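Next come the structures, one after another.
Two complexes come next, and they have one chain in common, chain A, joined by chain B in the first and chain C in the second.
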Partner chain A sequence: MSHDNSIETFADQVKAIPGGENLEICYSCGTCVSKCMIQQKLEPDFNPRRLLRMVMMDMREEAFESPTTWYCSQCDLCYSACPQEIHISAVIAAVKQLAVEAGYSTPLSTVTVDETLCAGCGICVMACPYEATHLIQKEVAGVMDLFSEVDENRCMGCGICVAACPLGAISREGVSNEEINKQIKVKNQKFAPSLVIFICDWCLRENDDLSILESYPANVRVIHIPCSGRIDPQMALLALRSGIDGILVCGCKPGECHYQHGTDITTCKINLLDTMIDQIKLKDHHVKFVQIGTQERGRIRQEIDNMLETLTARKESH
Partner chain B sequence: MPAKPKFAFYWAASCGGCEITITELGMRLVDFSEKVDIVFWPAAMDYKYEDVHSMKDKEIDFTFFNGAIRNSENEEMAHLLRKKSKILIAFGSCSHMGGIPGLANMFDIESICERVFDTAPSLDKSKGTRPVIKSKMPEGDICLPELYNQVKTLAQVTDVDYFMPGCPPVVDQVWKVFNAALEGKLPPKGSVIGVNPKTVCDVCTRKKVEPGFKIKEFHRPHEVELDPDLCFLAQGVICCGPVTRAGCGIPCLKGNMPCRGCYGPAEGIEDQGAKLASAIAAIIDTDDVEALQQTLASIVDPAGTFYRFSLADSIISQIKYKKGT
Partner chain C sequence: MVDAARQSKIDLRAYTEVERVEGFVGNFKVTLREKAKYVIADRCNGCGDCSSVCPIEVPNYFELNIAPRKAIYVPMSQSVPLIYSIDMNACIKCFKCVEACGPLEAIDFSQEDKLVTEDIGAIVVATGFSHFDPSVMEEYGYGKFPNVITSMEMERLNNSAGPTAGNLIRPSDNKNPQKLAFINCVGSRDKRFNEGCSNFCCMYSIKNAVLLKQMNPEVDITIYYIDIRTPSKGYEEFYDRARKMGIHFTQGRPSLITEDPETHNLYVHSEDIALGEVIEHEYDMIMLNTAAIPQPDQNKMSSVLNVAQSPGGWYMEYHPKLRPMDSPTDGIFFAGACQGPKDIPASVAQGSAAASRASRILHSKEWEIEPTVAVVWPDRCVSADGKSCGLCAKACPYGAVDYVKGKAAEIITAKCHGCGACVAECPHDAITQLHFTDAQILAQMRALLAEEPHKKILAFRCHWCSYGGADLAGTSHFEYTANERGMRVMCSARMDSDFIYEAYRLGAGAVLYSGCHPQDCHYITGQLIGAKRAKRLSTIFERMQMTPGRFRIAWISAAEGDKYARVLNEMQTVLDNIPEKQLLEEIERLKPEVTKRLRRFPNVPGVQDAMDFSDMMVTAITTKESSA
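Here is the complex of A and B:
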């Protein structure tokens, strides 16, 4: 059977996009799948190995519809594990690019811009790990001005821009400022210290660890956020002002962040907040950021217990 | 408003810049002085506190009160002018948010006195001097106002009708507010007046940054040659524009200096410093985790920079004094 070289296969198209060229050296060992947090925590059908096979087998529509194409946040946990050193997220990104060109769009919950609030400062443009936001000149309510615009097919919904936006002009359903602030309420008890835990959706690998979070009484409030980069120092201060004794922010270990830079951005935020708290000589404050690695099972309990112990000791000394 | 409303202008803990902004009205000042009856203005005219005491309650139609509340005299005058005025306007950053004097909330009063009287370089070698509220002299007792441990905003000691930010408020905004007050066209009580919507960034015409840009090192404005057409943040210089209310007419930016935040937090922001920290942290280059601490260390004096004018009014200050530390 003769092969017609003039017809460009799906694999050819993927390979033509920078990042997609390593497609063919994949021998489908599946190590990437074992490393992937999405496959474990969010979407059992997420499977980079299978997606790469789909591309090679010219299964275009199936690949475009596969959650793997859309859910990959380029955390690159699989990259360092791949024996063939394939930059898998880059191959997936190439597939996604073709899917977008073919008219498919992301199934993820993404951020939206409220133009009545947006001042066009460009902070979100610099903050987004995926370059999903950009500024455009457009007319809103009869005025020509700069506004932020989101490319929803690039947006992974991490909420880093939501925290960075000074005016609350960018938001995402479920993690808006109002929705999070509403949760920061802990009934203040006389003896038990109150603790608010902001936990990123990805740093706890095992279900055992997640159930630990539910084992604490009402003085410990757990707020789930997509990425530790979603918190902003004003949130922490509002919590402290409302009488909450301590704040524990949990994120991923550097290099393991599901949204590339979220955990590092949080390091910067907490560092700046700590410095300011020190400068202002705010005593007895308790804001702590812990970075939990994918291998550190059970660490969350240890961190919460330590924090509660410190807060209890402080409360008793007063 | 009566045909010729009575006007007062008082200064508490302030530098005098707010008074100067009034003189910047130029020829409009003549017009103004014909329209209002100036009943109290210590910086410009000879009035005594007794004159205010002898007024009836609510006799003054509107009072501009500039300066923070630093000592017992400031507070006493705030209460007195509140009692005697129909409309009390917190005029300028110090009265609105504590301003530069509010930065003293980073310290307690004893450590400030220690610095001023003991450790600051001085030809006077005497140590241990401290202000005394009451001193006995042959002629009788001499009294000084009591210096407070906390710098407060006007609204933290009395009921305020309007807030007019700025260090100082720019003259065109002052003129607009004057006229609005004279015409009885002020917005609902509690409003921030003499301002524009959104933030300084909204009106800034500098070229904004491109996607993917991150800051590797921060510089203070005097350390680098600044491009007059490019966003300061894109040059690694901290600018308070993203969190600061618009309305100043951006004189600092036009003078190639970053926004220092004197117009206070924009609508929707409660803590100017914390929100700026949130924005700045998100634009730091984090590719090299090792270098991160160095980048953060290049931000000199974060509290003083992010809260330059709003510390006394910030959530962080509220937490500190609520706890009584």
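Here is the complex of A and C:
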């Protein structure tokens, strides 16, 4: 899409893109900013209210360079709270589209495809919540075939495709299969039940809750992943094999997932995993998925305590 | 209120509902349901002995259900008249109250609801407003977190006659809160719930904050707001005073309240717009200033009274600026928040205005109405021949048509407001509107389309909105096509299909059908009738394969002069894009079609004369021109 009319204002351009229409009715109440998890946890300069203002004031370059344009993962927590019903993430997406057209690119770290491993099966294409992966015909090492390719400006780095890839061809810095597996393999504490917690980066809103996680002894191991959708059943099985008693996966409440539907994917994965554990008769072991909402301050402590209690009871009964 | 009760000319009917309103200004017949109190009003002296022996306790509505009341009760201690009544849904019929009442013998379990009909000259509606229930806004946790309450609940807790005798306590642990926050605009200025501003909450939260601070200067109070609106006299000064007292004002609408599960303290997440930073503060208790919303039975009452409602559900006034206390129906007036959220001074002013308007009616022997009323030709009405029709009665927004099958329809002139909906709807042209007769309108049309009609755009405008819009376009110097020819009728409901067909038969290039926006209609539902007809017409013209854009429907308010100019210019562009020859051919092609639909039109009294006369004039002018 090109914009030939040079006198068109930035706001007009944004409004012309579907989703950008309602931009003007923002009355700067700041609801979107304080609701946003990115603002809270990742980038203090992330401010949708200010981005909308920049669009209105024709501050094109500032908007294109603003982290707000690039960091939004369209979780729509702000849209559901906006009293003016402005689809803020759609406005941000419109700004991003214009930014990409103007030659800007994302500062986020995205997933990479190892083409020597990729078989072109297309599972990643189905898994991606952002339509960032697609299959293209190209020649790699003299072989003409279908390969997965990632659109960097669309990828938000949730890692759902990393978990989905059956060949381990996709990885993301910090949460590649190797790095997570390394964290899982720890020596089992002899007496206390051992527990691995896979925790999504977004489900614990409060800093108090994060400090709760650190307050447990070494038999409780916390592994941070970008999205609960990053969970690979293989990782869980590996953990159980290395002597871990229980696995607790924490994700966001349905509808509040930072990566649109990552938490729903996890629900399916954990259900399958449960069935599998039943079938291979690992009765002492326990895998649980909890979905924590933005308002559930302190719930994480409750969940971990319950889990430890269950595991202790199971251990003692054997 | 006590004063009012003492007035010999004021008859208070407590616990009574309006069932039906019939008649018209000065002559209303109002049916009232006097609900059974099970207490004889003349005998009860309000001593309350019955209530103290009653064993049943139910939630007290007046105390917002945070305190109990007995099954035999008065709604509040200052009730006027002070007469007890029994809540039969709660009463177990132990008759202890009868015993306690003793020799007064005021309690009568055999009472039943009574319907009474009264002759009423004028009606003032002062039904007030209701409160938005914030529990639907999950983000604020009302109903989930015990220490999140509404400001109204806080007022009861802080009231010396309230359930805690004025001791403000936290519901979770009954301790006095030290850190408090008020949140404004809960459910108001919010497109998801109520779009409008509730008008008084800014002042109301400042007042409550000042009250609390006066009682205990140690408490820490924050008011979260989007904008502070203090528009009336002395309000800004009060806001200043509150700031000087140390009350914190934070601009930023909280997006989330979370609770510490152990202490039940609350955390408010909001952006501090002044700092440009996200803040999270801990509070002991949070008060939500909920939106003012129309009464739950406002829809029902609006159909009983036959008055319109604005989009938010409030009663709609006759004119927002010039007649804010009048309803569109003569003799019915509004006072206070039933017409829209307003504070005490505004409600008092409106109430006094409504009372004086009403007394004007009571003191007049005659009542002047608009002269543009509808009149029936009884010989043309098919109902007189025993056929069922009643379209006029269905169309009338005021219930002014008295239609009984077998009898010619009659217009109750005092109720008629002159929109002309019935006139245009009558398929037998049996009704006419004084000063806007078919013949008069036709004569105007023919004059406007006398020369080169195919180049003209005939614009039908309603008196109240689009005519005003055209006026504004003129006074604002918005240029629009000089080929426009404007026609004024009172309402878009008067724009008879016959007029539109006739315009095309006369060879008009384009026709504009314009009126008010649906919510602004001056005649309650007139625009809806007009809009329905316009839609039907546009389908018919589509089937006739008329060039799209030659018939245009546009709803233009009196403030939209720019829109009027734009619409006309767009229509001109449509005409410009049709080659003249093709346009003339199309007009000729459609003529038989529209003439077919006009076969009854010349029979309307006066129309043939008007046609003959205008034809004669046109011939006279053209011969004069050609001879000159």
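Keep this in mind: the second predicted complex is superposed on the first by the 308 of 318 C-alpha atoms of A that agree within 3 Å, B and C clash if a C-alpha of one lies under 4 Å from a C-alpha of the other, contacts with A are read in each partner's own complex, and residues count from 1 in each chain.
Going forward, a contact is a pair of C-beta atoms (placed from the backbone, for glycine too) under 8 Å apart; a residue touches a chain by one contact, two chains touch by 3 or more.
Small disclaimer: the values here were computed from a predicted structure and weren't measured.
Undergrad: Sharing chain A, do chain B and chain C clash or fit in the superposition?
TA: Chain B and chain C fit side by side in the superposed model.
Undergrad: Pick one for A:Ile136: touches chain B only (first), chain C only (second), both, or neither.
TA: A:Ile136 sits against neither chain B nor chain C.
Undergrad: To make sure I follow: the centres are taken over C-alpha atoms, the vertex is chain A, the ends are chain B and chain C. What is that angle to the nearest 10 degrees?
TA: After fitting both complexes on chain A, the angle is 130 degrees.
Undergrad: Looking at chain A, which partner touches more of its residues: chain C or chain B?
TA: Partner touching more chain A residues in the overlay: B.
Undergrad: Would you check which partner chain A:Cys121 touches, where first means chain B only, second means chain C only, and both and neither mean what they say?
TA: After superposing on A, A:Cys121 lies in contact with chain B but is clear of chain C.
Undergrad: Is A:Leu240 contacted by the first partner chain B, the second partner chain C, both or neither?
TA: first
Undergrad: Quick one: is A:Ile280 in contact with chain B, with chain C, with both, or with neither? Answer first, second, both or neither.
TA: first
Undergrad: Scan A:Ala102 for contacts with chain B and chain C and give back first, second, both or neither.
TA: Touch partners of A:Ala102: none, neither chain B nor chain C.
Undergrad: Which of the two partners, first being chain B and second being chain C, lies in contact with A:Gly30: first, second, both, or neither?
TA: Once the two structures are laid over each other on A, A:Gly30 reaches chain C alone.
Undergrad: Per the contact definition in the header, classify A:Arg49: touching chain B only (first), chain C only (second), both, or neither.
TA: Second partner only, chain C.
Undergrad: With both complexes placed on chain A, how many Å separate the closest C-alpha atoms of chain B and chain C?
TA: It is 19 Å, taken between the nearest C-alpha atoms.
Undergrad: Residue by residue on chain A, keep only those touching chain B in one complex and chain C in the other, then list them.
TA: No residue sits in both footprints.
Undergrad: Chain C touches which residues of chain A in the complex?
TA: Residues in contact with chain C: 27-35, 39-40, 44, 47, 49-50, 78, 81, 83-85, 205-206, 294-295, 297-299, 302.
Undergrad: Using the touch definition from the top, list the residues of chain B that touch chain A in their complex.
TA: Residue list for chain B touching chain A: 105-108, 198-199, 201-202, 208-214, 231, 233, 241-243, 266-271, 273-284, 286, 289, 292-293, 296, 299, 301-304, 306-307, 311, 314-320, 322-323, 325.
Undergrad: Which of the residues in chain C come into contact with chain A in the complex?
TA: Residues 138-139, 141, 144, 185, 189-192, 226-227, 251-262, 267, 269-273, 276-279 of chain C touch chain A in their complex.
Undergrad: Which positions of chain A touch chain B when the two form their complex?
TA: 117, 119-123, 125-128, 131, 133-135, 145-146, 160-161, 163-168, 229, 232-234, 236-238, 240-241, 254-255, 261, 264-269, 271-273, 275-277, 279-285
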